[in-house]
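I'd like to ask you about the structure that follows.
Chain IDs A, B, C, D, E, F, G, H, I, J, K and L follow the sequence of writing; residue 1 opens each chain.
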């Protein structure tokens, strides 16, 4: 059977700047150990507050990559 | 019956920069053919990955506009 | 019983720039009257359209803070 | 292949009276341009408030009709 | 063990008038064979369309009653 | 920062007549203490049954109002 | 009141072949004791694995039938 | 066709002690009239409050059993 | 702005054979009037029952295609 | 209009022992400032981990109380 | 503590034939590296379209296996 | 980029006693191979029934830990 199969893993990226940066941070980290990453889906968006201000944007992403 | 009625359509905007830009891209495209657009709702956020980095932010939006 | 208890309130922040700014706007406003804010969760993302363009990004956030 | 196929479109009907009237308003409007409408599903119920009272009931409906 | 236990059953009521009447119709029907009905929850709202107009409001309700 | 911020609160209105009346009842009650109410969203529809008939329609609404 | 009322029951059908067969199996079984079955909705799709292969497809269906 | 078929029924168990006891209570009650019960799923967890304290834990469970 | 934009439409395909065929039927029908179709998502699976057997598999699909 | 109206507030209770205790903790805390509490619904269950063990059970509850 | 513990992983299987084959493809692939697989749950069903026809059925499955 | 990144894995813990014990069992097992575990979220609660009684409580948890 030669139909491609993909695996999905879930990571939480963080950023002090924006949700888009937090997502990018998670994908960059995953890229250190995973090859063939193809797409991601945003699962959840949260954040940490300190001193009455947003201190950290947090984005949970599900990342898909082809299994060799 | 003169109560206003709205229609909703679903588009997927893309951007290499951010989720906010991707949403804006979809609305700008819809504005080429649809009049009276009033609001949008984010339905899904995904993205394309290439070479271990986010290459494209994708935002699915549902756009509401008044039916004349 | 001394286990900490948190309360959650829901606000909608707005911004002409981005979803991240809209979320930050809601938290900053809440900070004027609420102490001990600790985290937030994005509940919904919408926006207002005028003249065929995004005029306002809107983010509904649920904010958690410790009850004293 | 002669198996029937249906299309679904989403409209928001409004009424100053009730949710049922708001749904009926959306279907009546759609009937001006769409033929063979067969069923609808309620997707969301909202409303506009003014002067501390419900001014408008809003019902988002998904309408199914046979594609000829 | 004498803590009360409840059972829930799901019915779809219909009405040519309104969603509220459709829900009431389902409960009235259930009352012909079930005793001790205590509450209901609206699970889904749909409807049948004919000749471009709402012909039937349909409400799926989950009905709870105490098991003797 | 002068972008408007809204707060959302959740109430359950009741009525012996219809879901629309139950929603209106919750908004009217909220209007006694809250100013600048702008919109509401239906979160849940339930009801109380007695003697085999609907005795009370219950509608949970989330009400949005501008924070001054 | 003569508006039709339907009841919904939930069954899990199984098949070693496909999801479609599993759904059909549940409906066939229900037909041994229930009359006037009219429609079904797929609620969940699962399966049993043995020796590293799918051994059984499982489909949970909600079946609607008219109450006489 | 001899593939096994299961039926699912929904009950609400109650307990003054814990959620786990409330679930167990519903299953024990069902066991008085249903044979071949195999598994349960928690659908909802609620509770009754009186005098400012939890008086009753309530757990809605969906119970699966093989149809003979 | 040259970032690609996609539109999504919702169709219900039907088949007397299987869910997979019902989905394929909807896409084939859409292909008669829509160009550049790229992907689809299964939104709902239902079916029609007659004489105690599955008579028709129904699959609601959301189809994405690039807007030129 | 004398139909009762209820308000719902969301709290997160914590406990080192169990989910049931965490829920009870949130209700007890709310009872210090809120009167007429009538019911609660479990919205989310989470927990804090330290040294490879559950250190804190966290339960988010929505509490309903009658508005006077 | 000897109570069994299971791990769940998420894979996307593909097939040019049917959803059931796509699910089976993912499980077969997982079986090359994972032992003690016990069950799977369908999380999402999608597909790729080319030349106006379904070219690939895609099924995301969550696979459970006992941790030794 | 030094913003922390977390990974989430999903396990199913079991216990003959309670849901809280089942969750604790999954975290304890994960702690044998995973470092820096920080939080968990309850995804699903089920159980096994035998001889008409709850034999096993099952809790699916998503566990978050910092990626080094």
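To be clear about the criterion, a contact is a pair of C-beta atoms (placed from the backbone, for glycine too) under 8 Å apart; a residue touches a chain by one contact, two chains touch by 3 or more.
What you see is a predicted model, and the numbers here were worked out from it, not measured in a lab.
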Least step count from chain C to chain G, where 1 means the two chains touch: 3
Selected pair, greater C-beta contact count between B-D and D-E: D-E
Centroid distance [mean C-alpha coordinates] between chain L and chain G, Å: 31
Length of the line joining the C-alpha centres of chain A and chain G, rounded to whole Å: 37
For chain K paired with chain L, centre-to-centre distance based on mean C-alpha positions, whole Å: 21
Sequence positions of chain L contacting 2 or more other chains: 9, 18-20, 28
Arrangement of touching chains [line / ring / star / complete / other]: other
Pairwise chain contacts under the document criterion: A-B, A-C, A-K, A-L, B-C, B-D, B-I, C-F, C-J, D-E, D-F, D-I, E-F, E-G, E-H, F-J, G-H, G-I, G-K, H-J, H-L, I-K, J-L, K-L
Chain J - residues contacting chain H, complex: 18-20, 23-24, 27-28, 30-31, 37-42, 63
Contact footprint of chain F on chain J as seen in their complex: 1, 3-9, 62, 64, 67
List of chain B residues in touch with chain A within their complex: 17-20, 44-49, 52-54, 57
Residues of chain F that touch chain J when the two form their complex: 9-16, 22, 25-26, 28-30, 56, 60
